[in-house]
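Worksheet: one structure, shown below.
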Amino acid sequence: MTAATIFVGILMVISGILAIESKKLLDSFIFLSLLSLLSVFLFIVLKAPDVAITEASVGAGLVTAVLILALRKIGGDEK
Amino acid sequence: MRRFLSALIALGLIIILLEFLNLIPDFGNVDLSKRVSNSFINKSVDGNNETIEFKKSKDLEDGSANVVTSIVVNYRSFDTLGEVTVLFTAALGVGLILKGLRRKRFYREPNFILKTANGILLPLIFLFGAYIFIHGHLTPGGGFPGGTIIAAGILVLYLSNEKFELSHRAKILESGMGTVYVLFGLVGLILSGIFLRNFLPTGVIGELFSAGIVPLIYVAIGFKVGAELSNLISEFQKEGQQ
Amino acid sequence: MIYYISIILIGIGVYGLLSQKNLFKHLISLALIDTAINLFIVSTGYINGKEAPIYSEFTPIANFVDPLPQALVLTAIVIGVGVLALGAAMLIKIKEKYGTLNVEEIRRGDK
Amino acid sequence: MISLMIAIPLLFAFVSIVFKGLAKYALPFIVLLNILILLIASTPVVENIGGWKAPFGISLVLDDASYYVVLVVNLIFLLLSLIPQIIDKGYDTIILLLLTSTNGLVLTGDLFNSFVFIEITAAAAYILAYHRNNPYGAFKYLIIGGISGSFYLLGTIFSYVGAGSLNMAHISNNSFGQLTAAIAILFILGLGVEAKLFPLAGWVPDVYASGSSLTPTILGTAITFAIMYLTGRIFITVLHGTFLDVLYILGLLTVIVGEVAALRQDKLLRALAYSSIAQAGLVVAAISLNNIDSLTGAYFHSMNDLTAKFILFPIATVVIKGFEKDRLAGFAFSVASFSLIGFPLFAGFRSKLLIISSAFSAGNYILPAVLFFASIVEAAYLLKWNIKLWFEKSDTSNNIPWNLKTIVLVLSILLLIIGIYPDLYLDASRKIAQSILDTQGYINSVLGGI
Amino acid sequence: MSQLLLILFIGSFLVYLLTRMNWIIGVLANIGLAIYSFYRLFTFKVGTSESIFSLIVNQNGTLVYSELSKFFGIISLIVAISVYFFLINWLEKQKNRAVFNFFLALITASTLGVFFSGDLLTLYIFWEIMLLFSVLLVQMGKEDSKKAALNYLTISLIGSYMYLYAVFMLWNRYGTLVIKDIVQKISVETSIFKWAVLILIAAAGIAKSGIFPLHTWLRTTQGSSPDAFSAILAGQLEKLGAYMLVLTVAVFPSLKMFPVLYGGIPVFNYVLIVLGMISILIGTLMAIKQNDMKMLIAYSTVSNSGYILIGLATMDKIGFAGGLFHAFNHAIASVMIFLSFAAVIYRTKTSKIDEMGGLIWKMPLTFITYLVGIISLAGIPPMSGFISKWMIFVVLVKKGMFLTAAAAFIGSVGSFLYVFRPLAGVFLGQLKSKHKDVKEVPIFMLIPMLVLVVITVFFGVIPGPVLNMITAVEKELNIQPLEHTMTVIKSSVGQWNTLTVFTMFAVGFIIAFILYMVFPKAKRIPLTNQYTAGEFLYNYDLYHYSTRFYAFFERLYEKHPSVEKLYEMFGKFFKDIGEFLNRWFYSASPSAYLLWFSIVLLAIFWVRW
């Protein structure tokens, strides 16, 4: 379990950095979503299934949807 | 340069927070008996001393098997009311802010697969969402994820059907369910003089019909969150008035 | 362990807020910090060898991790989403008003 | 009963999105109901929401401090409801939500609950900040507000980890050594942004000076006062005065910076926003002296400040052409400015006097000097604006609505009365101060003498 | 006394309402109030004290009536009454008459309040009321009076807040603010405390009376405030500063508090004397340069305040009396001068010296007022102004303070130069064509001016009544009283008999007049012929120049350092900081906000962990 946790943690850190540093905003959203999904895994490890479900639906799903919709309204990526 | 400095400051922040970590118990070594949640788990806030067993214990102070739910909707129900209010405020605010926006609705001719799958998937999505918030007091989940899943269904509708517009009833539902939540609290106030007091029998822990007002409130929250988030999505989708 | 992950993520979020010039990235960083803090909060309630706080067939008797932080995090997640949606709506308006989301260009436009 | 003060406005807020326009008409009655509830309540009242007793559930605490703060907040909302012209369509519900959250913020005896209410307040404030198409200012506020909210949450969690509970009284009853310092740091960062302290709160001028009269009028009065109460409550009652010296330094910095930055503003609203910052800094600095007189002075000053700001902000947004045809509004404006500067016979003088004398008797010689410096600068720019507005040539009046005119006039006369006979405000602020300093009494009344 | 103050404060509201109805009635009511309080000043018994409202817990405000309050009260009421009389005609041209009158009444009331105050905080309150309303009055003047008012406000507030700081230092130390009690306790304090308190208290007086470092407001304020109000400012409000200086040097026993430095003068007083000396020099030199006649007299006020301060600070029986007497004389003389200027401006609508000339035949009575005023101000024998200056000189010589005496002498000589400039520029010389139709001012404006002339001449001949009051003050303050009779002032270096001097002057005048009558008169020629040597003058043009009158002299100190510029620099510095903060902090991006946020976190952590 610990190894898996560390691995997921490293993935999270990487996706966090990518979410911030990626050139295209859409990529950022995807990485943010990925980070949320990875955190869902950690929530399950932490024995928090309620939080995991909420994070999966809200954090990974809804947040990404809202961000993408907003991006579309703005008129796509700039840079 | 800017990045380097930013990284330096972020590093400083990390160091400070790590320093703070020394002050709290190590990971996984929490003494639960010193915390109030011990009473939440044993449902002993009002002085119950018996151990609780699934599907056996009856008429507890709080009847939901999911302890998180019991905290969210019963012990700290007031927080949840506030939380619903934040979401409500946000949805309202998005509506106010995006009012009069001069942009066209984002629409792309939907994929054939999306269109077809929509017909089959949508009822399932709604059903799943409803299941989640109805069983919120028994299984993981509850009103918030349930509502979000329903809203996701609405999003799929938006994406697959160009004519689709959320009707005004969603607003009424949102408003009504919020009102129901507060009214539950007020009924408690009238019956026992205490706001948000559970006034229904709690039943046997683990049964579907148990836990007093908890599932009812969760259903209300589920609908409210679903309607609210749908509204939010539709605000982002809507064409602005020219 | 998870403490460290969440703190590093907070650091990354702060780094993002400090270093990026696109306002959208700021919002993303904020969401990132939210997630990280939620992770941290849940991990303060974790106890080695205990189960998820739900009475069920598998855990009929209480042997649970601390459920309160989880309940708090539920609230915090939803609040985070609300703020995020507001921020996204404002970004749309900023784009409409200034024609850009770049901090420096907005500043130039303001003067 | 006191939960009704939160529940009723919330109920109407929920209902009002279906029945449009309801909120505007309901607001005065709701506020009156709140005030009625306050009048029949006798302190201290502790209401455990859901019937769960103190350290476990969420308790609403109506002791002397929160009583008067809630009363003041509701009176402000009452005044606001009497000038419905400045509330645009759709924003009436936001005002109701703000009323809910401010009441909750003050009444709650639970840290996480206060976080939730701060977030509601902040969310409503972001929307208000946006009012009159000010998206960038609002967005900046949102980002820094979000960060500070996160830090507040972290502080709450650390308190929970330390004390095993979220109840303020329970936390105050436990002592946890070095962890207190960490919590205090986090709360300084969390509250500092809302309390407009200098290096933390850069958002204020852009939000206050957006051109809306609603935004600064409500954020600069009711919300500020509630936040000041919360600052005192958390740092003095709950944390027993830990890290007050940091708050003190930040407060002094805020005073100086706010006044100096106001000096060169060519927009009146922005100057007033800076004045608001400076006054907030003064109040925080006075709170951080942590004795009965300075706290009394701080809350007294805060009340004077909000009274004056309730006059200044609406008039400043409405008046463009000077006071030549609106003499009454001009009179109110001038009285409010003089009170802010602290000329004798005006209310602000009394509170500044109290702060100074308490600072001296605490052996603090720096705060008075800074206060005097601030007063000089404040006098310079406020009088500049007064003179400018009084002598602006204009043939037409500014069309100030009659109800706004009446309210500002009444408030300005109130300021004059307070200047001569301050007991009305002084008693209230003394009660607030006593009750905030009385940690043991608070713990006893909430935990029932555990 | 509280009764009188209450009447005055309520009366001023009444004045406001009356002026709104009919402004002449308002002015009359104002005069009535002033005369009533003048009468009441003589009915109060010296030494009575009353308590009024309390501001700090357990601390009642007290009013005390002393010889000092009586003396200053009489000065300020004489000034007030004469200016109010002047207003009967003058106010016609002022905008917002009701407010003008209202503020004037409030200022008089609060000025009396200051003189009556028995404790430091009550004094402060009346002081601030006076300040606020005088600022509001100043800005009712010319276009640049708005800026001047702010300048005045800022510098006065610096003074009064320094004062308040000292008040609270004393309050914190003794728990009382009653002047009498504090005075008894303070002499045994540590010297740092004494220095701090007294310097801070003196700052208020220095700012108000226009002594050196805080004198910069006088030029613009007096220059641009409403003309009649300039008289009040010079005659009434600046004497508040003198009162405050008396408080610092004499009521607080500086002799007991500080070691004696030189010639029996305590160190603290010596510092004040140096400041006074600098004020005399600056005031004189700058007055010579001014083109605006009001600004010119404003600088002369600086130098005269310097004389007053020097006189008071010597703490000698003659010097102190000289200081007080000079305060009296300067009040009367400056009111005369400003009223005559107001009269001139009332008719000509300008205050620039080079735009006027030859008004002597058009406004002879105004000219006489001005002439007597400047004679008194410059200290030329038959008028009372000379006596006070003489007394100050005597003490300086006696104490061997030759540097100061030299400065005072330069000031006196300089004052001849600068008072002559408006005399020549405004009243003598060639009449400007646009002023051909100028008439003498209406009667109610003349009456106060001429009454003041009479007062000045009278006290120049018989200074006894004033000196009686002054010796009473001296007795009260434990200074050896001045030895004098009605017309003779005795000092260790000789005595001055005013009557003899006046008789000598009168005889000389009569002899000159007889000679003028007896000897054949020169042929009277038109003024313009003087310029053209008898040539016929085709066009009536300007031949009389009064700009750069003392250009040769001014050139000597053209590049002088200026405190005014220094203050402007400070102001600009603060404004720049404000702009910087506004630009780079408050209008910055979210990143910058967070940057500061993190810096605070790091700083707290760094310092406190």
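Letters A, B, C, D and E mark the chains as written, and numbering starts fresh at 1 in each.
Keep in mind that, in the parts below, contacts are C-beta pairs under 8 Å (C-beta built on N, C-alpha and C of every residue); 3 or more make two chains touch, one makes a residue touch a chain.
What you see is a predicted model, and the numbers here were worked out from it, not measured in a lab.
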| item | value |
| --- | --- |
| Joint neighbours of chain E and chain C, given as chain labels | B, D |
| Steps needed, at fewest, to go from chain A to chain E via touching chains | 2 |
| Reference chain B; chain at largest CA-centroid distance | E |
| Most centrally placed chain, judged by C-alpha centres | D |
| Chain pair with the higher count of C-beta pairs in contact (B-E, D-E) | D-E |
| Centroid-based (C-alpha) most distant chain relative to chain A | E |
| For chain C paired with chain D, centre-to-centre distance based on mean C-alpha positions, whole Å | 28 |
| Centre-of-Cα separation between chain C and chain B, whole angstrom | 16 |
| Separation of mean Cα positions, chain D and chain B [Å, integer] | 31 |
| Centroid distance [mean C-alpha coordinates] between chain C and chain A, Å | 10 |
| Residues of chain C engaged with two or more neighbouring chains | 1-2, 4, 8, 12, 14-15, 17-20, 23, 26-27, 43-46, 52-54, 64, 68, 70, 72, 74-75, 77-79, 81-83, 85-86, 88-93, 106, 110 |
| Sites on chain B at which at least two other chains make contact | 9-10, 13, 24, 35-36, 40, 66, 68, 76, 79, 82-83, 86, 89-90, 93, 97, 101, 103, 140, 142, 144, 232, 236 |
| For chain E, residues that touch 2 or more chains besides their own | 587, 589-590, 594-595, 598-599, 601, 605, 609 |
| Touch relationships between chains, expressed as pairs | A-B, A-C, B-C, B-D, B-E, C-D, C-E, D-E |
| Contacting residues of chain B [partner chain E, same complex] | 9-10, 12-13, 16, 19 |
| Chain B partner contacts - residues on chain E that touch it in the complex | 595, 598-599, 601-602, 605, 609 |
| Contacting residues of chain C [partner chain E, same complex] | 14, 17-21, 23, 26, 103-104, 106-107, 110 |
| Chain C-touching residues of chain D, taken from the complex the two chains share | 112, 116, 119, 122-123, 126-127, 130, 133, 135-136, 138-139, 142-143, 145-147, 149-150, 153-154, 156-157, 160-161, 166 |
| Partner chain C, residues of chain B touching it in the complex | 2-3, 5-7, 9-11, 13-14, 17-18, 21, 24, 27-30, 32, 35-37, 40-42, 51-56, 65-68, 71-72, 76, 79-80, 82-83, 86-87, 89-91, 93-94, 97-98, 101-103, 138-140, 142, 144, 205-206, 225, 232, 235-236 |
